[in-house]
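What follows is a pair of complexes built around chain A, which joins chain B in one and chain C in the other.
The block that comes next holds the complex of A and B.
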C-alpha cells in the first residue's frame, strides 16, 4: 500500500511525494496570492526558502536554551524563567522528555522518507524537515539539561510514555515497509497535529524559556503539517478505488488511541483543564475530515 | 490588523496608478454578502510574522484565537491557523495561498456570513 516508486516514477513529477501544482506567485512577483504557477514549488520546498523562513525563530529558540536573550516572538521582555517548584520541574521534565521522544520519532521518520520520495523537491523538503526535527530534539534536550538533568538521554528514556514508544515503533515500521502514504499520514498528520496542538496549549502556561522554544517548534510544524495534508489530499483525490482511504482509516484506528493516551498524560502535566484537553484533538479531527477520512 | 485602506473599487496601491475595477459596482459592508460591491484595497503593513522569508511576511499574521476578528482582507488558514492577508477585500471564489503551510485555498462564505478558506488539494 506504500506505492513504492518505480524507476520511472523516481524521475517523474507525478511520482510518490510529488507536490503537484500549487497556487502562488511567480518568483519575480511580490503577491503570494496572484498567480498559479508550479514554479513556486521549487521555491517553497527549497533549502533557500527554508533557511530564510526559519532563521529568526531558530536563533531565538537556540538562544532561549543557551542562556542569552530569551525573548518571545511577540516581543515580551524578560529572559529569566520564573521560579519553578520541584513538583513543577518534575512535571515539566516528563513533558519535555515526551516531546523529545516525539521529535526523535519524527527525525527518524522524516530521514527515512527522504529516500522514498519520488521527486527531488520533496526529497529536499524532507531533508529540511529532518533538520527541523533534529533542531527540535536538540532544544528540548538542552531545556531538559538546563533544568538540572545531567543525563538527558537517560531521563528521556525513563520518562517516555509507553504508548508513545509503541507509536514510534509502528510509525518507523511503516517507513521501513516503504508505505509512503501511511507513514506520511502517521508522521505529518497524526503526530504533527497533536504535537502542534499540545505545544500551542502548553506555550500559554509555559515559563519564558520553554515558551520561546515552543514558539519556534510550532512555526516549523506548520510546514510539516501542510506538506503532509496536501500530499495526502492529492493522493486521495486521485484514488478512484478508495483503497488509500481505507488504508489510512486503518492506520488511524491503530494509531489514534496511542497518540490520545500519550497526550492525555501530557495534558494533565501542562495544566490543561479537562474541557480544554478535549479540544486538543479538534485540529487533528478537522484535518481528518478535510481529507475525507471520517 | 490596521492596514491602510487605499480605495474602494480601485486598485489603489500606494505609488501605483489607480484603475477602476469595473466588475464590481455597488456599495460594501463587512457582515452582509456584498459580493457585487466594489472591492476595497489595502496597503499591508508588517505584522511581526516571521515564519516565511521577509518579502512575504506582510501577507500573514499570527491568529490570536477565536476572539480574533478578521478584517475584510483576511481569512484563516484551516490547516495551520495562520491569518492570510490580501491586498484586496476577499470574496467567495478568491484563491489565496498559505505560504507557511504551503496550502492552496479558496475563499467561501460560511453559513454565518463570514468568510472561510477551504483547501484545494
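The block that comes next holds the complex of A and C.
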C-alpha cells in the first residue's frame, strides 16, 4: 500500500483544469491517476479510496434533493423555487431530462466496461464509476420529481434530444463490440467532457439546489476524466503504429457532430441564445483538446 | 413497483452501507484487527485460509461481472440503480477478500497465480453457467442466477464462516458480517423484483429452473471438493488449539456445533441449509426448486 498522507496530499481537490499530460507521475500534477507506482494505483482505484473521495459531496448532493423526495401528491407542484416562472421550470425540466439521458448512458457504458477491463483494479474503479453515474441519474430524477413531475421516466423520454439518443446508441455499441479504448474514449473523455462543460456553465446561473447537485457531479466527472485520460494516454504512448490515435480521431469525428447537435438542439428548446450554444461547443472543444489525446 | 424500488435507492444504500455498518472500517474490518498468529505461523492453516479466500474471490468476481453486466439489460432505471449499488458492493467484496490474501502473505505479484492455482474448477463452472445468461442479456434468468442462487449460496457460506470465525478470528468475522449484510439486501431485491417479472413471463420458468439445477450441481460439487480437504485442516486446528491451551468453545450454526463437527457434518449442514434457502426463495418468486442431476458415479 502507498503512504496515505502522500496520497491524500496528491489527491487533494483539484482545480478546474485538466489533470495534465499523460503517461506517468508528473511534477505539479494533482491527479492521483497519474501515478505509476502500483501500490499507489492499488489504493487510488480502490473502493476504500472512493468512499473517502466522495463521502462529503455525496452527502451534500443527495441531501439537496432528498428532503424533497416525497412524490408530489395529486399533481401538486412539488418543490418549485418561488422565483422560477412556469416557463423557467419547463426549461429546467428539459435540461434535467437531457442530463438524465447523459447519466443513463454513462451508467450503461461504465457498467458494460467493468467486465471488459483486464485489470482487477480497473474493474474496481469502473464499479465506483458505475455507482457514481447511477447516483447522478438518481439525483437528476429526484430533482425532476421535486419540480412536480409524477413520472420522471416518461418525462425524460419525452424531452430527450434525438442527437443525444443517437450518441447513446453509438457509445453503447462501442461497449458491446468490446472495443475497450474506443468505448473508454467515448465514455470517459467525450461524454464526460461534454457533461462537464454543460454542468460548469449551468451551475453559474443555477438555483441553489440545482447548483449543489451539479457541484457534486462535477467533482465525480473530474475523477472519471482523470482515469480515462491516464488509461488512454498510456495506451497511446505504447502504440508505436499510431493506429490507436487514428482510431480515436475517427471516433471523435463521429461523435463531435452529435455533441454539437445536442448542444444546439437543447439550447434552442430552452431558448438559449445561439451564441451561448456556440460557446458551449467551443468550451467542449477546448476541454477535449486540452487533454492532448487526439 | 417503483415504491418498492425506492427502498433500493442509492440514498438508502448510503445510509445503510458506507454510513451504516461499514462506518469506521478499513477493508471491512476494524482498523486494528489482524489475522491471528495461529494462522499466519502454521503453514497448513495458512494455506487453508488462502484456499478458502480464493474461492470467495472467485465467487465475488463472478458476482461483479454479473451485476455490472445486468445493468444494461435492466428494464427500468430504478433496477439499474440498485444493480449499480450491487456492482459497487461486489467490487468491494472482491477488494476485501483480495486484501485478505495479501494479509495472509500472498505477494502482489503472486495474486493471480495463487487464485488460478487454488480456484475450484467446479466453482468456475458454476460461474460460467450464470455468466452465459448475463452475456445473453437475459435479465430475468440473470437476476435469479445472481441474486437468488449465487447470493443465496454466498449468504449461507458467509454465515457459516462467520460463525466459525467469531471466536477465533475477529478480523475475518467482522469482514464477513459486512458482506452478509450486503448479501441480505441483494437477495431481497432478487425476490422482490423478479417475482413480478416471472409472473409476466411464465414461459421462462422451465429455462430458469434448468439453470438453477445446473448451478446447484456445480455448487454441491464445489462443497464436496472443499470439505474433502477440510478433515486434515480440522485435525491441525484442533491440535494447535490444544497446544496453545485455547478453549475450543462452541460455534453452533443451524443446530450443528461447527467447533467440534466433522468435515462431513459441516458439508451436510451447509448443503442442507443452502438447498432449504433455495426452495424457500424460489417459491417466493413463483418457481419450483429443481434437483440437480446426480453426479456420475454416485
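One rule holds in what follows: the second predicted complex is superposed on the first by the 213 of 294 C-alpha atoms of A that agree within 3 Å, B and C clash if a C-alpha of one lies under 4 Å from a C-alpha of the other, contacts with A are read in each partner's own complex, and residues count from 1 in each chain.
Everything that follows uses one rule, which is that a residue touches a chain if its C-beta (ideal position, glycine included) is under 8 Å from a C-beta of that chain, and two chains touch if they have at least 3 such contacts.
The shown structure was predicted, so the numbers you read here are calculated from the model rather than taken from an experiment.
**Student:** Applying the document's definition of touch, where does A:179 land relative to chain B and chain C: first, second, both, or neither?
**Tutor:** neither
**Student:** Where does A:207 make contact in the superposed view: on chain B (first), on chain C (second), on both, or on neither?
**Tutor:** Neither partner.
**Student:** Applying the document's definition of touch, where does A:223 land relative to chain B and chain C: first, second, both, or neither?
**Tutor:** Only chain B; A:223 stays clear of chain C.
**Student:** Per the contact definition in the header, classify A:192: touching chain B only (first), chain C only (second), both, or neither.
**Tutor:** neither
**Student:** For A:233, select first, second, both or neither according to whether it touches chain B, chain C, the two together, or no partner.
**Tutor:** In the superposed model, A:233 contacts chain B only, not chain C.
**Student:** Go through the superposed model and pick first if A:112 touches only chain B, second if only chain C, both, or neither.
**Tutor:** Only chain C is touched by A:112; chain B is not.
**Student:** Under the definition above, what is the set of chain C residues touching chain A in their complex?
**Tutor:** Where chain C meets chain A, its residues are 9-11, 14, 18-19, 22, 26-27, 61, 64-65, 68-69, 71-72, 76-77, 80-81, 83-85, 87-88, 90-92, 94-95, 98, 108.
**Student:** Show which residues of chain B lie in contact with chain A when the two form their complex.
**Tutor:** 48, 50-56, 59, 62, 78-82, 84, 86-87, 94-105, 119-121
**Student:** What residues on chain A touch chain C, complex-wise?
**Tutor:** Interface residues on chain A, with respect to chain C: 38-39, 42, 46-48, 51, 55, 58-59, 62, 66, 69, 104, 107-108, 111-112, 114-115, 120, 123-124, 126-128, 130-131, 133-135, 137-138, 141, 153, 172.
**Student:** So in the complex, which bits of chain A are touching chain B?
**Tutor:** 19-20, 22-25, 30-33, 36, 40, 44-45, 49, 52-54, 56-57, 73-75, 219, 222-223, 225-227, 229-230, 233-234, 236-237, 283, 286-287, 290
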